[in-house]
Amino acid sequence: MTDFHGIIPPLLTPRTAHGEIDRAGLAALVDHLVAGGVHGIFVLGSSGEVPYLTNAERDLVLSSAIEAAAGRVPVLVGVSEQTTTRVLDEADRLLAIGGDAVVVTTPFYALSDAAEVERHLRAIAAHVSVPVFAYDVPVRTHMKMPLDVLVRLAEEGVIAGVKDSSGDDVGFRRLLLATKHLENFAVFTGHEVVTDGAMLGGAAGIVPGLGNVDPAGYVRIYDAAKAGDWQAAAAEQDRVAALFDITGAATPGRVSAGAAGLGGFKTALQLMGVIGSNRMAEPMEALNAEEAERVREIVAAAGLL
Amino acid sequence: MTDFHGIIPPLLTPRTAHGEIDRAGLAALVDHLVAGGVHGIFVLGSSGEVPYLTNAERDLVLSSAIEAAAGRVPVLVGVSEQTTTRVLDEADRLLAIGGDAVVVTTPFYALSDAAEVERHLRAIAAHVSVPVFAYDVPVRTHMKMPLDVLVRLAEEGVIAGVKDSSGDDVGFRRLLLATKHLENFAVFTGHEVVTDGAMLGGAAGIVPGLGNVDPAGYVRIYDAAKAGDWQAAAAEQDRVAALFDITGAATPGRVSAGAAGLGGFKTALQLMGVIGSNRMAEPMEALNAEEAERVREIVAAAGLL
Amino acid sequence: MTDFHGIIPPLLTPRTAHGEIDRAGLAALVDHLVAGGVHGIFVLGSSGEVPYLTNAERDLVLSSAIEAAAGRVPVLVGVSEQTTTRVLDEADRLLAIGGDAVVVTTPFYALSDAAEVERHLRAIAAHVSVPVFAYDVPVRTHMKMPLDVLVRLAEEGVIAGVKDSSGDDVGFRRLLLATKHLENFAVFTGHEVVTDGAMLGGAAGIVPGLGNVDPAGYVRIYDAAKAGDWQAAAAEQDRVAALFDITGAATPGRVSAGAAGLGGFKTALQLMGVIGSNRMAEPMEALNAEEAERVREIVAAAGLL
Amino acid sequence: MTDFHGIIPPLLTPRTAHGEIDRAGLAALVDHLVAGGVHGIFVLGSSGEVPYLTNAERDLVLSSAIEAAAGRVPVLVGVSEQTTTRVLDEADRLLAIGGDAVVVTTPFYALSDAAEVERHLRAIAAHVSVPVFAYDVPVRTHMKMPLDVLVRLAEEGVIAGVKDSSGDDVGFRRLLLATKHLENFAVFTGHEVVTDGAMLGGAAGIVPGLGNVDPAGYVRIYDAAKAGDWQAAAAEQDRVAALFDITGAATPGRVSAGAAGLGGFKTALQLMGVIGSNRMAEPMEALNAEEAERVREIVAAAGLL
């Protein structure tokens, strides 16, 4: 069984200036990540614009990413559907293409409770043949994964880990504490600017959207943390946190929160020459020239140009 | 062009005791509604458990409903997908089966803003060949449809109407006021217990989940309102509002909010002999015997047994 | 015991251009309301800027209002404090000045539950010698008053009524239904634009902030409703709802939501010559000249200039 | 000017079994904290049940705390009122008794925006003669303090620091980064279980409610962090985090969230012999015997009995 740890960026989905999935850009981005030393890639997550992709596009993105990764790092696959039976269908279709693990959220659009979340995760784990990671992202699902459910499923080996993007640092630490005794359970933080503290608390790794832009920076944080050099980890985190300001480069109110964050990442990668366009999925708008100039200043200040 | 008005219940999706879609039960339910005098049916809405249906099940439900309706009433089709391109795919697949209008929400799981909602609805309307109704259901999408967007799209004829399940009675009245001058624009309330006031304010009709159970009751409210007999409308609304207590028959905390509400409807219909089972879609649990007994008392008190 | 019903506007607190409480303006406003035919006034509510008033100012406002009302209409007194013991102190101080009833919210700033809200209301009712109205305003307290608590306290005579500003029209109707059999229990709506529906559902009256500007309009709605002329009530509601747009006259983003709403009311009254200044309590900003011009157009269109 | 740093627990307010403020218990608690090595105490915060205290009780608590502290540690004073002018009155009354700094929230019950929060804090700082700390506690005020406002007020020296109980770890880190260059600005975390990460990010100290129970534990975390021994800090944090489970000892649903958390602290201190009763302020209920037994097990496991 694959060991999941370290830096596993949620892969962006580059598009051409005409709006199609940019397979060449995607391959270049995967190379950029592998060159930066990442330990895996997470395909079809929120950073990959998964809610905006048709099924055909999801298939294309996954096959392209697996081809680009070429076995150099494991590929985790986001399975983003509204409820259990739809997740099973989606997982079947995607895993037929490939992937080393699935990453699944709570039901969304539905009005669920803790018991339904537990049955949901159990049903998925019983159905698929790869490890299941629970993806806790209430800003999108509007439901926090209950701590006791996660701990129970961890202890029974139903789930292999958690990607926590909940913004609830207290719950994150309690999850770490409650699963510290489980050797094969991995808790990842999805928050870009508090990763040193997450590692200090015992996280197995980091799933940073910003890691698309600066994979090597996150690898340095991870390596420093594993070496016990916490001061170095914190210093590098501070540097990378300044870079995170690219998510605030959009003129306030001009584009949506989704478009501002991912648009900042895509624009930085375009400026760095990794991808060819900062085009976003419909109906999101790309950052404009004025906003791109702000991104450029921040990226330059971080020494990435 | 079809005129949309009156009572248009969001069709429940009956299941057999084994969990499959119950086509016979669905046909019986459609007959029950038509016999009650409804003016249309809304298939694949939240009450139809749409987030829990696989694509194959959605297709089956729609084709079964159209067959059962047999042209007696128009069929509105819910298109429940995360963002624009996925809605287009879903609409293409479903409208190939049939349907007289589509009903679409804001994007969900995404982090949108007003401009994206507007582009979303415009793109859908440009793509499909049937009228588009905007479905405002922030309890599920976690985004209220902006009033100014709805009014602009109404004035331009992009959308044919709104199904408002927002729980924002002030916004509902302002939408009614702002669109009163538009002859072919129809605003429906999705809230079961304040329909007399909604009609008094100028609503075109009602999309009541509870209308699955008591279609004739809602038709009486509508007819009284159209006849200007508001006292009769209010009295009938009070009677039907008491029936709405079946949504609170589940033991507190035993099942999710989604399962409690729809479970109450299904259980009532089972007790009334319309459908054969109160089975819910996974991962929701059905009401148990004790809870069904509470439903029976309420349904009996309403004179429906 | 006083009978509470009809139109009971929550009295604004006029200030001079220098920011002091304007006693003359307050007296003029009370005269304006009484001339409009209102059935009571509610002093020290949210519309009265009560969270912004020092205790000395609260005392001054109450004594001024009672003096101005001069027994022509009953005076309900808002008691706006964080929790039970502070409410008791506040009620003692204010009722020593006068008042025919107190209006109290759930605790706020506290993290309460239903049982604490019930004990809170019971303690207050046991302490004061005037009727207690529960003021349900979750937009400010961030806690919805539980329906079962309100019904139980109504049935036991602990509370004399409810002022519902919850924006939950379904809960409002269910409260009306559950208390319809109680002769001396009065449910008021606090929402300005859905009052015809509220009356149709059985409300005892309306507590409209906008009633400061157009008391006669609300009295016409009430009288039409009591006479069973619902079409007239709805038509008048539509007219007054258009006037409510003064709460949206502020340039988006320039002032807070609180300042925009109350600022619209104050500016309208200044333009109508009832009060001398649209000055707001600190730290709220008053509407500026450009915004006042928008208010003027709306007020003129409503025929109030 | 006093230097504010280190462990500054928000002092609980002990009550006698009859419900009065327990001055002896309060003095014993202050001694317990000072003996534990704390660097200050924060009186009249949320943990001190400040929303539940009458003004007379607030005065008594503050004077008792200052007397008990006897100059051994600085005393920070919570000024908990709805808006600006009320805060000024409250600050005047309390600072006449004493205190080395005030700690103030955003307005609450009001509907404010960023500009009003800024004017609010500026007005308070201009009025009082002691340093002002901004207290960011949106779980109670329902308004997050805007980052840019805090940074601007920090740079201008208007505020001396921030107590962050926002639960927004990303915002916390960005505040630390943005104010790192300000020598006399102190950012404290109010969250008990992620203090090692907060210190690693550059926090000046910790304001832990749980520090009432185990002040020495938090002092050990702080000392390890200052010595650069992060592994020791994390290990001690893990130990103390397990103790935090006393806030979950109440039977689910029996008491409010407020009563459960503070009730756990009070019960632990009663079991440890520091205070005589776990009585809570009205309308909160104290933990019962069964719940106290659960607290005892956790406290014993932490080695504090």
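Should a chain be cited, it is by its letter among A, B, C and D, assigned in written order, with residues numbered from 1 in that chain.
Please note the rule applied: contacts are C-beta pairs under 8 Å (C-beta built on N, C-alpha and C of every residue); 3 or more make two chains touch, one makes a residue touch a chain.
Predicted model, so just to flag it, every value in this text is computed and none were measured.
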item: Contacts common to chain A and chain D (chain labels); value: none
item: Relative to chain B, chain with the most remote C-alpha centre; value: D
item: Rotation angle (°) superposing Cα atoms of chain A on chain B, nearest 5; value: 180
item: For chain C paired with chain D, centre-to-centre distance based on mean C-alpha positions, whole Å; value: 35
item: Approximate Å spacing (C-alpha centroids) for the pair chain A, chain C; value: 48
item: Sequence positions of chain B contacting 2 or more other chains; value: none
item: Chain C-facing residues of chain D, complex; value: 46, 51-55, 57, 80, 82-86, 89, 107-113, 115-116, 119-120, 123, 139-142, 255-259, 261, 281-285
item: Contacting residues of chain D [partner chain A, same complex]; value: 167-170, 172-174, 177, 180, 191-194, 196-198, 200-202, 228, 230-231, 233-234, 237-238, 241-242
